[in-house]
Every structure is written in structure tokens, then in C-alpha cells.
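Each of the two complexes below includes chain A, the first together with chain B, the second together with chain C.
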Partner chain A sequence: MNRRLSIQTIIIALGAAFVVAPALASPPAKIALKGGRIIPVVGEDIPVGTVLIEHGKIKAVGKDVEIPYDAMVIDISGKVVMPGMIDAHSSRGLDIRNENLDVTPFLDVYDAIDPSKLYFEDALRDGVTSIHAIVGNNCVIGGLSRVIHPIGITPDEMTQQPSVSLKLSVSPQRGSDRMAQLATFRETFRELGEYLENLAEKKYEESLEKKDEKIKVGPDEAKKLGKDLIKPEDYDDKHRNLVKLTRGQLGAFVYAGRAGDVAAAASLAKEHGFFKRTTLVLGASCYKAIDEVKSANRPVVLDSKLLYREENPITGKITETFIPRVYADAGVAFSLLPSSNTSLAERYLNYQAARCVRNGVSRQAALEAITINPARALGIGDRFGSIETGKTANLVVMSGDPLDFSSWVDLVYINGIRAYERDDDIRLKQLLGEEKPEVAEPAKDEKGNGEAAGDKAAKADTDSAEDKSEETSEKAEKKKE
Partner chain B sequence: MKTASIKHLRFAVALIAMGSFASSVLAGGLAIKAGKVVTMNGDDAILNNAIVFIEDGVVKGFGKQGETKIPKGYRVIDASDKWVVPGLVDAHNHTAGSLMDLNDMVYLTNPGLRTLETIVPDNELIKQARAGGVTSVLLIPGSGTNMSGFGTISKTAGRTVDEVVMRAPGSLKIAQAGNPEWYWYGVGRSYMNYNTRQTLEKALAYHKKWVAFEEKKVAEPPLFDPIFDEFRGLFQRKFPASVHTQIYQVVMTTIDMLANKLKIRTVIDHGTFDGFKTTPILKGSDVYTMNGPRQYWFDMSQRKMHGNCARWWQGGQKKLGCNTDAPVVPQAELSYQAAMACWYGWTPYEALKGVTRMPAEALMIDGEVGSLEPGKSADFGIWTGDPLDPRSSCEMTVVRGKVAYDAKVKRRF
Partner chain C sequence: MTFSTHHQRKTLYRCGFVQLATLAVVAIAMVSQPVRAGGGTIVVKGVTIHVGNGEVIDNGVVVIRDGRIAQVGANLAIPPGAKVIELSGGSLTPGLIDANAALEPTNRMMVDRRNARQVVADLFHGDHKDHKHEAVGCCGSKCSRQLQHASGEKCKQCGFPDTLPMAVGVRRSAMTVEHSSEVIPQTHVIDSVNLRSPDFDRLVGGGVTTVFVAPDSAAVISSQGAIVRTAGPLNARIVRETDAVMAAMGTDPSWRGFGNRQPCRQFVNFYNRRPTTRMGVAWVFRKAMYDTERFEKGAVVYGADAPTEPAMKELRHVLSGEIPLRIQARMQHDILAALRLADEFGLKFTLIEATEAHRCLDELKKAKTPVVYGPVYIDAPGMRRYSSEVDHARLHTLKELLRAGIPTALTANELRDEDGLARQAMYARRFGVSLADVTRCVTETPAKLLGIADEVGTVTSGKRADLVLWNGEPFDGSSKPIVVIAGGEIVVDRRKG
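After this line comes the complex of A and B, so read on.
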């Protein structure tokens, strides 16, 4: 009977999903990361310097930062500290990417975030400290997104910024065509206008009822007069976020899958008043609409597929375009995305940035594309995305240069809390074969003697089998005797 | 208002029926000589070689064999080599009524439906339940939609609906994720959670309107709404919500949305797969977990076997029990569910409590059933040994002081 478990194995088992994500304990008040190279992204690199963290915020950065006597000093000499990387667009923390409904502005990813997903553990291990959790592209208007960090056991604990943006897609995904997709937008916004007019009329009538007065004007006039009587709590769930969107109170992540969709995305945003809050999420071939993207002058999130390959149908000649290079050359600030295919190296944001450098994008632009650019696109650039005084202490300490792919993420700080430490990463060690996997149930033989777990147990089985065979042979011998 | 008076009338009829029924059968009372009485009371008392006295369907008190005299006129049942165990309570089952009418999947949430209308007293599955020592069951609707109606707590003995029904509504059935995902166009968790929350908020708004009227803050009574009226008891915490919930994220939402934000008395039904990982966020809440019918989860990422009940218990969830989800697991095998929980690492006595007192507490009927104490309903089974030992059998089941099953007359198992 192998079911008595030691307390230790229980603790390991219970913590299984959160092996590297510790509880959100209160951090030491002051931490000094001393002696490492600092890449602040905004501003010049500091070859040897100190980052001082106080109460979860960056207190000071520089070559000669005076370290208070009560600060915990962490020596990171020989290492590199950079801002935590930001995943500008990810559905991987959600239970499903999209609901099977076209228009769902009343939903919130809050209800779909699954903190127990291994994805969050991986993101932390890869140095990602902010994730923009947003529904996938398979929608017309998806729900609200939020920015989360990959530690915590509930969406509330994980949230850095709620209600960041609505997801809109001008490119059909479900088999309908582009005209139907855009017609759905038109219908949605027409219905919104109608709803607002009716609501205004209703509010006007209600206001007169309260005063015991009779309606004096026609419906058109009533709709105008009632407009100012609407309070924010009067909107119903279905329309509340759309109202915010059209008034520029919410961000919009607009997906354009093909070059031809960029213009549609821009005109949609302009027509309905959210252009100034729009971030363009662009499919691979959108680089062909670079002029339109440039003139739009909005933040851009690129597809994780960075290389565009095209075959000339007549000559058979294959042309390859490295997409971020086109944007960089045009002077468009872009954000890179990691691939959701976990078996590719594209899953690492710093690998994506390194590829950019290899293909002629400047090192600075590449680093910005995984840190400060996504932060700005998400409207959180004042708190995240660089190592600057006053910003949240979301930091990654790497064993070497972040764009050198032999570098490891050694430490991750989120809100000044040490969220990850490579030396304690049990699963990584298991993957690398440095440590044998723990097995919860110690194997026991029939006499109740505990045996070590895992492969030893298998060995024990063969041992006991041998014992038995020896026993039986002994017995047989005795019988013979 | 009209329905309320009808309800009272029905209750009165039930009481009269019960009273006359009990007195005709139980004149003089009943004494059980028991080898062992597992009382499941607050002190966890276990009485050896005791006598249980029962009058009018209620436990009167306990005596000691050889010391306490049995008064004249008492019918004596000799079980001096057997165990007397409180009648088992199943907080999640579908056997007390028509199996055809469990899942009316009209909308994604269906407030206003009740299983009370589908009760079939003394049906074949209930007869089986009795033979397994089960005396109280919560009949809840299926989990095809996010909200499938109100459940009914029913006894496993009785011939009419009024005789068997203990409390209606017994609970509100909510199903978060899992089965409702197959609703005809397919839905994800963000839509389901939104939908459930929205329905409950509507019901809460209705309740608040009535509260305002009752507290005389508003002069006119609100419009009566038959769909939302029964939710008032839910928000007054008179009965719990039985929540079909399993898998970490879903159980987390159950705790966060229902128990913490909407302040509903919540019972986690199932709670399986890695649902037990939610114990850190359960701290200090009055959420009960009725684990089952699955009793273990194999964690592929860690290659480890986890006993669900054992993990809930180790994580600090002491308000823990088992269910059968009958007929998924036969109702009579509720004791096996507890036994399986022990096989996967839970503690035997606690597991027995997990099919008696704990489900009674979870359903808020512990004033009546779940333990053998003076004043409580005389619902118990007479077992050949520990009910958690699969070799033991229930030889006799007594419900409200009346023998409902006797293996000597007609043995089922």
C-alpha cells in the first residue's frame, strides 16, 4: 500500500503548479542590485552600476548610487540587468482564445484567465514580467483585456492594469468574408447609436415625469435634450464598453491580418472616435502597407512570424522579407510578439529581438520592441518598460547580454519581489537532466520498508523479484532436501 | 403573496401527514442495542455497547447496555454486534426524481426551474440508496447549463412527495464550465462567468428591492417575479448554492465570484482534477467541498497521483465530504466513495464524517440529520462493521424512527 505520503512530498505536490512562483509575500523594503551592467532601454547603458529598489519601485539607477545601510545588497557583477520583457498580445493564459460569438464587448478576460496554466510559469522563466491578456483574433469585437504579471494565484493578484482595451478584428477568421466582417461593425455601431438615442429620449421623459410635467417636444428634440441626462451607470452591459470606446476612454487593439486590411482598420477607428487610442495588431503581410501604417502613426504590434516568404507564381523565384526591418527602416515603433508554438525558439522575446539585430535592425530598436514599446502601446509606459527612477521594479537579471542566446534569465523581480531564481527552478533542472523528477509515492515492499522513489523503485521491483526468485529456488532446494 | 400562502398550506399538510404517520407507527418508541454508535456529534463521541432510544421519529437519548433499563412498551432491536451509524447524506445526486427531466437546457441560465416538480418518491434508485444506508439526498438538476434550477432535499423513505421532501429549495444548482461548454453554439469561461454573474446580480437586485420594501424604505412593494423570488432565500443564506465546479481556474472563480463577491453560501460539488490547489484562497471562508465522483487526479506534468480528498484536507479544507453524483456512481455506494477517498490518502474517521455530518452541514440541515444526537431525526443505518470497509453491509436502515430497509426481509446487497 503506497499511499502514506510524507509532509514534504505533500508540500511539493501542492506547490506543483507554482514551483517557481512564490506567494506574494511582502518584499524586503530596500534592495540594491550592485555591480552589473545596466540596460535601462530608455537612456544610455551603464557598464557597471547599481539599481536601487525601494518598496517595489526603482529608487535610483546609476554608476555611483549610494546604497543605504539597510538595503539588501545583491551582487550581480558580471551579469546584466534589464527591464522585464512585455508580451504585448497573448491569449495563452486564457481558457480558450475566443468565444464563439462575434460581438462580445461586455466580456472581460478576467473571467477566462487561468493562473494555473504552465504558460505563466514559462513566461516568468523567460523573463516576461507583463502580459497583455487579450482575446484572440477570431472575433469582430472581443472583450476587455488586461495587463497581468505571471505570478499570483488569482486574476486579481495578477492584475497590473485592468480594462486596457477592447479587441477588434477587421479580418475575418471564421470563414465569413471581409464585407460581412465590416458590415457587422457597421451594424454594431448603428445599433449603438440607436440605443443611445432611445436612452436619451427615455431619460428626458423620466426627467419630466419626476417634475410632473408633460412632454413638450417631439422625439428628435427629446433625444437631443436627454443626451446630457445620461449617467455612466445608465448604460447596459452590452453597450457600456462600446460607449467608452467611441469616446476614447478605452484602448483598442485592432487586428488587421492582411495588407489590404490596414486601411480598413484605420478608417474604422477614425470613423468611430477611437483612432487616438488604437494599436494596430498586424499580420505578416501587412508590411506591404507600410506607407499606410506610417501615416497612421499609431503603435504597432507585429506577428510572431518575422520572415515573410513569397513565391513568384510565374518565375518560381522566392523572395524573403524580414518584416521588422521594413518597419524599422520606415521609422515605425513596433512591438515584437513571442510565438505561441513552444517548440520553436521564437517563443522567447529576446530571441525575436536578437533576430531583428541580425537582420539589420538597430540594437536599441530591437530592445525597445520587447520592453518600452509594448508598455507605451498599452498605456502603461509611465510605470513599466524601462529602468528609470520612479518606475515599478520589474527587472530581469541575465547571465549575459539579453541578445546573446547563450544567456540565461537568472533572476526576475516583479514589484520588487524576487519572483524567479534560476537556482531554485526545479522544473528547469529536471528538463536539463540536472535533477531527477520527484515521485510523490515512496515505493514500499511488503514488509513496509521504505524504498527511495523513482527509478530506484523500479530497481527495487527487480531486486525484490530477484529476491523472490532466489527465495523460491531456496525453497525448491529445501524441498529437494 | 399568493404563492407564499400556498406554500404555507403545503407545509402544514406535510406536517399533519408526517405527524399522523409517525404516531401510528411509533407508539412506545424504539430501542436499539448497538455494539458501537458513531454519533458524529460535536465531541466526535463513539459509544460502545450502548442503547439508542427513539421516540416519535427522534433520538431521545443514549444508554449503556447492562446498566440502562429499557422501559416497557419499547420495541427492541438487537444490534449488539453491529455499528449504528448516522444515515448517510448525499449532497449531490440525481436519483430522487425523474431522470428524464433533469436537464431542461432552455437557456444558458435557467433560473425559476425546480426539481421539486420532478420528485418520484420510492423509485427504484431510492430503494437502492436506502439499502446502502443513505437516508437524505439532495436532488439537483443536471449540469447542462450554467444555472439549471433549484434542488430539493429529500428523505429516502416515504410514499408521497410531502412525506419525502425535507426542504425545497434545497439549493440552487450552478454549473461553472465543463458540461455547459457544450451548449449548442459552444461557450467559453468568460461568457459563462459573465452570464452566471449577470443572472445572479439581477436576482440580487430583485432581492434588494424587496428588502428595501420590508425595511419600509419604499412605500410600494416591488413587482412579484416568480423567476427570481426563490433567490431571496439564497441571498438570505437560508440555503446554499450547489456548484458543479472542477479544475483550478473554475473552482477559483466559484470561490471568488459566488462566495466572496456575491456572499452566497457555496458548496463546491465535484472539486476534482486540480481543484484542490485553491485551498490557499479558501482560508477563512465557509465554503464546503463535496468531492466526487472522481476520487483521484493524475497530474501529467508532474507524473503524480493525487487523491482529491486527501489533497483538499492537507491544504486545510476541513469542511470536506464526498458525493456520488448518483446515478454516475450508484447511490448505494456513497460509503465506497468515502472508502476510495481513504484509499487515496484521506483519514477513515474524517471520511465517514464526510458522508454524514459534513454534507448535512453543507446543506444546512445539520440541525436535523447528519449526526445522532438527542432531538435530531432518528435516521441511521445498522452496519455489520465500519461502513468504510467495503466488506461491511448495511443490514437495516431507519428513517425518521421507522425501519425503511431490513436485509432480513429483503436483502439487496
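After this line comes the complex of A and C, so read on.
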């Protein structure tokens, strides 16, 4: 019964999410979010201000923004608007995390993204507007990643930025040890060099054939001469992305699972010319290599496990380290990840940030770690990750401070389109009982409901009508029970 | 002495030196010892005091003397010579009480949940340390197909490390439930409790100062729990050696036993435990109580699944109400079954877990059954995820219970550290319970349910000084216990770093 019910709700919810999205594909040209507290992340907080969205972009932010006469004004007074959160590393939207091969630079997560995954619905509900869909850590060289948003019915619709980076892992995976892992890298890049030389020679020969000339030089000379004749389309699928990687045309997300892997990751990246495009994806114990991470001076994505607990095997004494604190103290810009395990709290990125604050990381650093830092690591910092004029209108309106666990994501805007509204979240309502999840006294609750319903009716009549019918059907269900 | 040789004198001198040194060491030790009960006065000032009964005192001062709370109030005079603890923007609550903590009795397993999984996985799945493991059935036979998975990635076979492998049932059942019979109220959990277990450190680190150590739910009528303090001198930790008998409804006792085969020739042992269904579980409970009633009247009780004599001697006290009864039930019909059985034998009980309590509020209210609810989840943590009883878990259950006026305590059960009781309270706040109510759920109400409310549970003068100081509002995302005081001693201090 429950299974069936939950599947139904999923279908309904997905339907709501994905049917509404195209319907809203032509949003009101101008939207003004008025009267809320603005956390732009880059720059000072604005206690009461307005964010003006025009054609999917942020047109103006500030205390006294002139609202055009034709703008759709949404009153968010008492609420907080912040940039949409960014999940810097996630394989949860893919059907399977990793391919059954070690070296797969020819793959693209485009083919693995499953838009029907419940994960996307949850991500939207939790205020995540950009997801870096990337293969898992169980590889040597994984496939191409892309940045997607959690609405849309095809991977194309979901894509914000294709071909963001290539996944590499220096930590031993798939049953191999560290030596085998690094030997595979060496072999891959050696083979790449050989391939490029042979290709150059071939191109040189071809160029002479076209001119009907005979080859006068030896193979070594031909390899050198043919180098410049190679065009981008000449590379085969297997090597194209590797060539881009070694020339710094592609980002690299390098996974280092243990402290000892950090140095290997940095030297690998330096050796093959992609160090400047490298982002380090670090396992929990990597904080022990903080000096190496600091000297590398590259963006860092931290494991979702933020607390590292270690037992002294002799004394049995347990020491705890709060990992982001180590990075924050060292001045390393880090990104946080939501947890994929069953914990109710840690799946929220804003809660992960709150944990940081609780353990002594500054509020600003914690907020940056879920917005602008991942955007910069992904190379999309100029478009996403903060509320600044000219950036894409990916916004989250929360009922209170994002670091307060009692705050809810009320509205989510993606490209200026209203992608999520808590009042219409059927599944959430089911989990919370039939009424609205107001954090208030019971008596006030009912009153609050009435007011909210009234407001909504004034705002959007069709929505509230739907809402009411859902509520009544739920009540009927409850009576049956 | 006059004839003492040089050597003897030297020895004497040496002895004197040793004695002096010993004295000095003792003196230093006495001086440097932490503030003992009766040793000094501690004052916590400038904090918002959440008393535990719903009251809030702004800018409050608590004076602690002789391990007890001497004075509580706003802007009190600070006695001279007292050790003052001040935390701007901080707040103070009573030490939290978990009324249904599942305690890990051994040291090794509880270092980390992940480590615990590792240990169990090593035991049952062979080599799990290195990123691969062989699929091993419960029987120990190896699967020919090798499953490989990355460290940190979920294993397709067993869910490792997100979830415990198959051994999960074994891990808990084997430790705090006796498998020799279905009805074992004569066994006491306190005999399994290792007071030096790091588990206590983890509890007290999360602000929990008193726990009811619950037995596991894998037997129909399980052991007697104990009330234990999580900090303080070892000889003063046990509040009550035996408190309540725990029973379980639903499928836990049936599916978590090792293979439930029919008893052979009336021979019941570890491998052929009886109940295989819900009705079987209810029957074992009913028969135990019925047999006890008959036993009291002097009748001879026999049969393969009859409770043993020592068990009946304990159950007699359960029936008479001298020993409190707890029944764990998750699903609606299990809760109703528990109510029915209790009604049948005129028993009063406390309902444990009560995942679907939101569906039978009226019945619970009518029976005046108190509830120890928790943990809060949608995706069940730990071994619950293997049970089919958790599908209808809802987030508003605690709110509904409180609204219905049912005395409800909140528990984190086996969850610890950041995942522990404070977080459960934080969840409750998110899902519609006010701060005052939720504070009561983890302090005053469990104290009342456990019958220790005259000792702990609120910040009231005269009570034991079990206090938690938070760096912000309690049970908030960005606050945590900074100082924990147990029995007037500072046992956790995170003020530096």
C-alpha cells in the first residue's frame, strides 16, 4: 500500500515538477522579490531589499531598487533570499555511478543522467539549483561531467554547462592497489603520447600524399613536422578528452581518498599539464595533508563526512577532528557536499554549513562553501553562486536564516522560473501530516494557515484551487484509515 | 640508630625522600584534581536557562554547590570564590535524558559507526578493508561472484558503508538480548553494561547525562533495563540496576532470531526459536503472562515454549505492577495489539518507538499510555531499514503526540554524537514542535517516566547538577553542547577550540 502510494506521489510530484517547468518556460519577463533579507554571499547582507529578475537574469539587487511597473512583485518580507545552493560533486542523478572499466575518458554523464530519479526532486526541495553530475570515485579516469539543474525531463533540458571536467582518481579503486592505480595513469598517458606521435606522422604522410610528394624524412622528423597538421576533429573518441585535459581545455576533478594520495594527485596534475584546472576531491582523512593541500592552492571539495573520529589503538582514546575547520583555518576555499546516507539533516547543504558554524568556521566561509566556492571550482562562478547583477537568477527563498535548521526552502527560482513552491509540495505535506509545516503553536498554526491561503489565493488562484483539492483528498484518505 | 651504618642511614634517607616525594605527589594530585562534589562552587551566569518544564529565565544564574543546584534565578549575586562559567549568547538546559538508549556494551564496536560496520563486515564478510569483499551468505558460504566496490561507495550487496551488512541483526541481538529463550525477564541488561565503554563518552559529549539502557527487541519478553549516569565516578553511575521489563510486538522478535524453525521434540534452543509471525509473538507474550498467573496459583506449567520458573518469578512482579513494563511496537496494528494484550492482563506499560503513533492517538490517549518516541526518520537508520515496519514513518508524529496530550519522551536509541538526542530534538523543532515542548521531551518528561524526576530533569534548586551549556539556542543547527556538567563536575569542556 505504502509502496504504491509513494510511487503515486512520486509520479504526481514529478509530474508537477516537470509539467509545470515547461509550462513556465516563458516566465514573466520581470520578477521582483521584495522585502526579504538578501544574503548575496558575495558582498554585505541587505537586511531588507529587493532582487529584480529580468529575463532569467538578476537585473538589480539592493535596498532601494526601483521596481518596474510591469514586474510581477512577490512579497517575501520576513523571509531570506540566497543564491541557489550548488552540489559540487554528485553521482546520485546517474543510473550507475561508475562504468565497469578503469579508463573511460570517452564517456559522458549525459548518457547516464536519469531525470526520473527521486534525487532531483529532493535536491530541488532542499534548495539545490545546480548539480555537478559526475561519475563516482571508483575509476582511474572516469567520464566527462556536466552541471545540471534539477528540473527538466531530458538531460538536455537539465544541462546548465556541458563538458565541465574529467574525473580522475588517484586512490586505489576497483580492487587494485596504489601502485597499479598510478601505473594505469602512466600507461594511459604514455599511450596518449604514442598515439599523438603516430597521428602526427600519419597526418604528415597524408599531407604529402595530397601533394603527390614522396616522404623524404625519417619517422622521427615526420612526427615533429606533422604535429601542427592535426585538427581537433582528427582525434578519436578515446583520446579527444585526454588531449583537451593535457592542454588545459578541460577541468579535472581529481579524487584523493586518503592523506597520502594528495601529493600523488598534485604531481599527476602538474606532470600532465592540467594542474591549473584541477579541483581536489578529498576524502575525510585528507585533512592530515593540509600543508600539501594548502601549497597546491587549488579548489577543494570535501567529503560529506565532516567529523573525523580516530581511535588511538594503544590507549583507546578517541580524538575528533572537524574537518572543514582545518581547511578554514588554513585559508583553503572548500566546498561542502550533502550526505547521501539516511540522515535527515546532513542531506541539506545549508545544514552542512550550519555544522561548520557550530564548530567554529566563520559564517561567511560556511555560506561560500555551499554557493560561490563550488561555482568557482566548476568554472561557472561568473554565472552562478551569488546574487549579483548580471548573474543567472538561481535563487532560493527560505522561511528563515539558512543556517537555522528550522528554516524551510519556500521558493526556488531557476533561470528566473519558479521551479519549486513549498505550498505545492505534496510529498512533503504527506510526511508532515496534512497541514502546512508551520513551526508555531497549534492555535497560531491554524490561523497562520488561513492567512497564508488567503495570500496565495490573491496571488495565484489556480494553484490554491489545486492545493485545496489535494488537501481535501488527503483528509478523505485519513478518514478512510 | 646510633649504630646504623652509613648504608643504613642512606637507606633511611632514601626512604624519607621517597615518602616526601610521595607526599608531594599526593598533595599536587589533590590540588590539581577537578572540582569534586563538595570541593567548590561553580556558577554559570549570563545564559538563557531553559528550565525543562517550559519556563525560560533570561540572563540567568545557576549556583552549583556540593554537586547540587543551590540557586537558580535571574541576576543572582555571585558567591565569592566561585568558579564562574560565562558564555555570551549561550543557553543552559538540564542534562538530557534518553529514556531508551541502546548501549553498546563492548569497547571495540562503537568507536565509529563506520568502524563498527567495518568490524562486523570483517567478521562476516571476510576482507572488507580493501575496497572489495566477497559475497558471503549468512551461512558463511562464499559466493563465486566477487563484488567489487570503492571505498566510500555503497556496496551493492550489503549497503556497506551506508548500512550495516547482514550482520546487523547479529551485532545488536547477540549483545543485549539473551537468545536462550523468548521470555527472559530474569536477565538484567546491567550485567552487559561496561561502564568504561567509550559509548558513555559519546553520550555525554552530546549532552546526555542519564540513560535508560534498553535491551534489544529481539526477544518477546526481553531483559530488564537499567538507569545509568553517563558521567561521574564509576561507583556512582548506576541509578537503578533494574528498572523495567521490555517486551516487543511486531516482527522484531520473529525475524531477528536466527532461523525460526519449528522446535524439534519439544527442544527449544538458539536455532529454533518459536514465533515466526506477529500472532506468534503475541501468543508468546500471552502464554507467558497466562502461565505466570497459573504458576502463582500453584499449577504446574510445562511445554516447550513455557516460560522458565525464574522468568515467571519476575513476570509476577510485572503483573502486579511492581516492575514497570515497556512494549516496543512500531506499526499501528502492533501498537493496538500491545494495548489489547495489556488490557487483557490489566497491565500498564510505556510504549517504545511508536513509529506510527500518529495513527492511533485516540487509543493511546484513552489507555493513558506514555510514549518514548523516536528516533525521527523517513529512511530508517540502522537495522530498522531491514524491517518492513518503518514504511509509514512520518515527521509530524511527535507533534501529534504532544498535541494529543500524551506524555512523550524523545529518544535517539542507538544514534550517537551529532546524530544523537540533541539532533532528534532539532528535528522535532523543524517538524513543528516548539522549543519549550521539545526541551521537555528530552528532560522533564523522561525523568518523570523513569521516576527520577526528584533528582534530575529540570534546572531546579536542590536537584542534581546535571547541566548542559550550549553555544546558542539549544537544539539548533549551529549550536552544540559546549560545557556539560554532571553531578556538579565539568565533564565536557569545549570552550577552547
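Brief remarks follow.
One rule holds in what follows: the second predicted complex is superposed on the first by the 408 of 481 C-alpha atoms of A that agree within 3 Å, B and C clash if a C-alpha of one lies under 4 Å from a C-alpha of the other, contacts with A are read in each partner's own complex, and residues count from 1 in each chain.
The definition used in the following text is that a residue touches a chain if its C-beta (ideal position, glycine included) is under 8 Å from a C-beta of that chain, and two chains touch if they have at least 3 such contacts.
Here the structure is a predicted model, which is why all the values come from computation and not from measurement.
Residue contacts after overlaying the shared chain place A:Asn98 against chain B and chain C alike. By the touch criterion stated above, A:Arg309 is placed in contact with chain C alone, chain B being left untouched. Shared-chain residue A:Met179: touches no atom of chain B or chain C.
Of the two partner chains, chain C is the only one touched by A:Ser171; chain B is not. Of the two partners chain B and chain C, more residues of chain A are touched by C. In the superposed model, A:Val109 lies in contact with chain B only, and not with chain C. With the contact threshold set out at the top, residues 3, 98, 437-441 of chain A are in contact with chain B in one structure and with chain C in the other. Chain A makes touch with chain C in their complex at residues 2-3, 97-98, 136-138, 171-175, 257, 283, 303, 307, 309, 311, 316, 318, 340-345, 351, 354-355, 357-360, 403-406, 408, 430-433, 437-442, 445, 481.
Interface of chain C with chain A (complex): residues 107, 111-112, 115, 130-132, 148-153, 162-163, 198, 201, 358-359, 376-381, 385, 391-392, 394-396, 399-400, 403, 417-419, 423, 426-427, 429-432, 434, 471-472, 476-480, 497. Contact residues of chain B toward chain A in the complex are 177, 185-194, 198, 248-249, 252-253, 256, 274, 276-281, 299, 301-307, 310-311, 314-315, 343-345. Residue ranges on chain A touching chain B, taken from their complex, read 3-5, 10, 13-14, 16-17, 23, 94-96, 98-101, 104, 106-116, 118, 135, 143, 153-154, 156, 237, 437-441.
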